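The same chain A turns up in both complexes below, where it pairs with chain B and then with chain C.
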Partner chain A sequence: MTDLNSTALTFPSVEWFQALQELVNNDEEFRRLGNIDAVMGVMVGEKVYVITFEAFECTEVREGTEYDLIDADFFLKMTVEQWQDLVTNTRDNNGADLNHTLNTLDLMIDGGISDNATGDQLRADIFFRVNQSLQHFFDSSARLNTVFE
Partner chain B sequence: MALDEEQKPADSTEEGDQSQESETAPAVSSEPLAWMNDTLQWGVRVQPGRKGLTMRDLNVGIYGEVPESSSDMSRRPRGAFPVSGIPRTDLYALSARVDLWADNAVDLYEEAIQRRWMGHLEIGWDEITPQPYEFELAMRQFCTELAQQASIETDVIGQWLHKMNYAYHEVKTFLASEIFDTGRHYTTFRNRALHNEGSLGLESAGQFNRRMMETRPGWTEVGMFLYLVRGPLTLLLYRYGEAYARNRADKFLFRKCIEDKARHMAYGMAHVKYAVDNQPPGFGQGLGNLMRGVERDLVQDLRDPVLWEALAIIIGGSVANIAQGMAVVDDLKRQYIEDYLKRMQWAGVNKTEANLSPDLAAFLRREETAPTGD
Partner chain C sequence: MATVESRTEYWERAKEQGFDLSWLSQLQEHVAGEGVEERSANDTGRVQGSIPRGNVARFGAYTFRTKSEVWAYNLTKLYEEFITRQWSSATDIPWDTIQPLSDDIEASQCQLATFFTQVEFVASDVPGRFISTMSPDYQEVRLALLAQVMDESRHLDVFRKRALANGGGLMRMIDSVSDVVGGSTDNAREFTEFSSRLHITGEGNVLTLFRLGEMMAYNEAEKAIYRRCAQDEARHVAIGVLHLRYMNEFAPERREEIHCYLDEGESRQATGAGGENPAGQSQLTSQALAVLLGGGKDKMDEGQNILRAIRQRQTKEYFQRLKSAGFDDRIHNGRVNPALLEQYKAAA
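And now, the complex of A and B:
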């Protein structure tokens, strides 16, 4: 596996999410959590990234636009500062601490962080159906050498 | 000894013996191995996909044909060769696709199997260290009620599962996995309540439990209660359990339950929508009308203080901070009613604030409700 700690990666960037993709695709624990079929949008301020999961892998990471969120099962939206807080907290605690899990943030941050752009509740619920895998995905960022813009 | 008895020739006119004759009929054909030619479709080929060889992969040819209705009262797997003279093994009340189907059941079954977990091994029980006594009591009460909700779900599904025709094995196997999930939830929450020299708390008020158990018109009605009315509440309780957990082990426990519950609701929502779309006009309206009486039970449960006081202590951290916790509980109740309305509307059931029970609507307007939890 690539020694990802040696390379500084900027958050947010396609490279940062690709590094996460590589980590989980080589992580037996991620696979053991079970299949995950989801297209997840990640909105960091104005920037949009589209992350696709199929079967036991993260199959695609790309930069997108707000229009791509229409096709996403759900998207996670926070301000740049809130994302930086999450990523920093995850790094400092080797995984999100008790106050920074995705579900906790979705309940605590006004308006929540997870949504579906078309109001399709069935697809929005995929956030809950694969929540542990998503948590594992973001927790894996503790292994990255992250720098912020 | 049993083998010897089976080898005896049938010499009785009793129905059970006729059954045995029928079942063995192909094997005693004059043509040796004639049964090997008895297939409805031979030569079907499937390649395993990224998830392995799944039920969806195998839904090809006649094996993937899901009938609109079935008069087959045997337990013949769909696509198996029917043998003349096999007696009925059941009288399936749910033999029409519209009564139980959901397009996503086949994939949800695989998701259930592939995302299964083991509470007794995967939860870091040692990480759950003792908390102040009043907090422990509140946690025990919370987990006792969650265990009860899970066991009710097991029983509700169990009393309908055997009424479902085998032509719809996607749904039957998914619901079997759900029973397994709810069994796991029951034991895991019971374990959690008893952890740290704990104890079980009070049973829940249970008006709505009884409603689910005793509803008879059809699985769609029961499914609406289970997945669109109770489901969103259970999901929210799990979500708040995760959010206010004091250790990673409890976080994990609640997160895995969140996954399971959301999957259960995905089937239920899809089924109710399928039924509304495919039953005669007015069916969805009828489901909405049915809720008028049901909402009275719901109000009674929401007013029962035990669960909410326990949750308020967990959220606030102590009895001294219960008012602070109760404000969050009021938010939870408001979220629940909003979620209930949203999911009913998604499924095509006309349920809005305008036709909601006034007592339930009161939960949407927090400032108009009593400050200590109704």
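And now, the complex of A and C:
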């Protein structure tokens, strides 16, 4: 396993998400939270990343385009500044504090942060159904040495 | 029916693939070896896929024996999600983080906990009635409902514990002539009627409230309760959407009937009648929510503003679920409740 603490990883980048992938795939707690079958888009400003979860693992991380969001079950969209705030808060608190959980951000940021590109709420609801696992995924970034572009 | 040889091949293939989740559909295809009957002639309690025998008493006079009455897409997969995401109110909630709260906050938290205990009682009671009246050939539906009952019983247990945990105790039953107990969901006699009322309207509204929990929680224990419950509730909503989607496709002759259930549900959602939507206007629960969201009895106006935004969110998600299920024509043809349409436009 890579020594994630010593390697500076730029957010956002495929490498940063791959490091999270490695962390959760070796994390018993992530598995204990339950199975997760979802394709999640992450939109950081204009950049798009596609993260795939199957069963108890994160199976793929790749860079994508806005067109990929059509096939995602749901995507999380925030400005670069809002993402940086989330990642910094997660690092400082060893996990997102009450005001920075994905669920709270979705409720508090105008228009929400999570949606399905085609307005299919059944797929958008997967964000709620596996929310604990997604939160754990992003909370794991507290263990990374993150630098911003 | 699968043969021993085909089962051996299947087993080898499953091993090669590491028994991943595709194994579930392989099990169905290669071991059960039978499709789901459109009309079930099974009135003896024979488990799905097993070999029938004669001379068995016909004691299973199941009310629901037609696939299109009860079926929903992908329930096998959803059931696995149910099972792997279970939790315990005894061991997964950090009860030791609860500290004394001011009287108004504690009373509001307890009022809400009383409501949730009551509503989850109905949400476990009603699906339970349908399970035993459904042919065993529709095992996937039975399993999903059984898992829902397990979730709901945990919810009524965890909210009861919260009400009792910090000195407040259980508060008053909600104000409604036609209560959630003895109300329209409780009185549903037909599966689709029940699913429209409970899964789509009732649980959809409660899901938004559970998600809101993080904003009205005053300790880690309450946060954990609401987070866990929200995940569970979203699975229950999925049962309803998957069922309505199936009905739209395979029982279009029942669309008008389903629209009538939705008319009624929307009216209750918009007015708060029936007491099922805790965020509904002018209710004991919405007052409690305003206190919790605002941060005290003297900040209820602030809480009401947040609550208004939450109602809009409830409506937006409900409208999008209509779309997912194939019943969004009502949004465009003037049938949808006008008050909800207004909220939807405000949320857009």
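Here is the rule we go by: the second predicted complex is superposed on the first by the 148 of 149 C-alpha atoms of A that agree within 3 Å, B and C clash if a C-alpha of one lies under 4 Å from a C-alpha of the other, contacts with A are read in each partner's own complex, and residues count from 1 in each chain.
Convention: contacts are C-beta pairs under 8 Å (C-beta built on N, C-alpha and C of every residue); 3 or more make two chains touch, one makes a residue touch a chain.
Since this is a predicted model, take the numbers as computed values, not measurements.
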item: Simultaneous placement of chain C and chain B on chain A, clash or fit; value: clash
item: Which superposed partner A:N103 touches (first chain B, second chain C, both, neither); value: both
item: Touching partner for A:G34 - first (chain B), second (chain C), both, neither; value: both
item: Contacts of A:A55 with chain B and chain C, given as first, second, both or neither; value: both
item: Contacts on chain A seen with chain B and repeated with chain C across the two complexes; value: 33-35, 37, 54-55, 98, 101, 103-104, 106-108, 120-122, 125-126, 128-132
item: Contact footprint of chain C on chain A as seen in their complex; value: 33-35, 37, 54-55, 98, 101, 103-104, 106-108, 112, 116, 119-126, 128-132
item: Interface residues, chain A side, partner chain B - complex; value: 33-35, 37, 54-57, 98, 101, 103-104, 106-108, 120-122, 125-126, 128-132, 135
item: Parts of chain B lying in touch with chain A, wherever the complex brings them together; value: 49-51, 104, 107, 110-111, 114-116, 235, 239-240, 242-243, 245-248, 251-252, 255-256, 258-259, 261-263, 265-266, 269-270, 342-343, 346
item: Complex contact set, residues of chain C against chain A; value: 20-21, 77, 80-81, 84-86, 207, 211-212, 214-215, 217, 223, 227-228, 230-231, 233-235, 237-238, 241-242, 245, 310, 313, 317, 320-321, 323-325
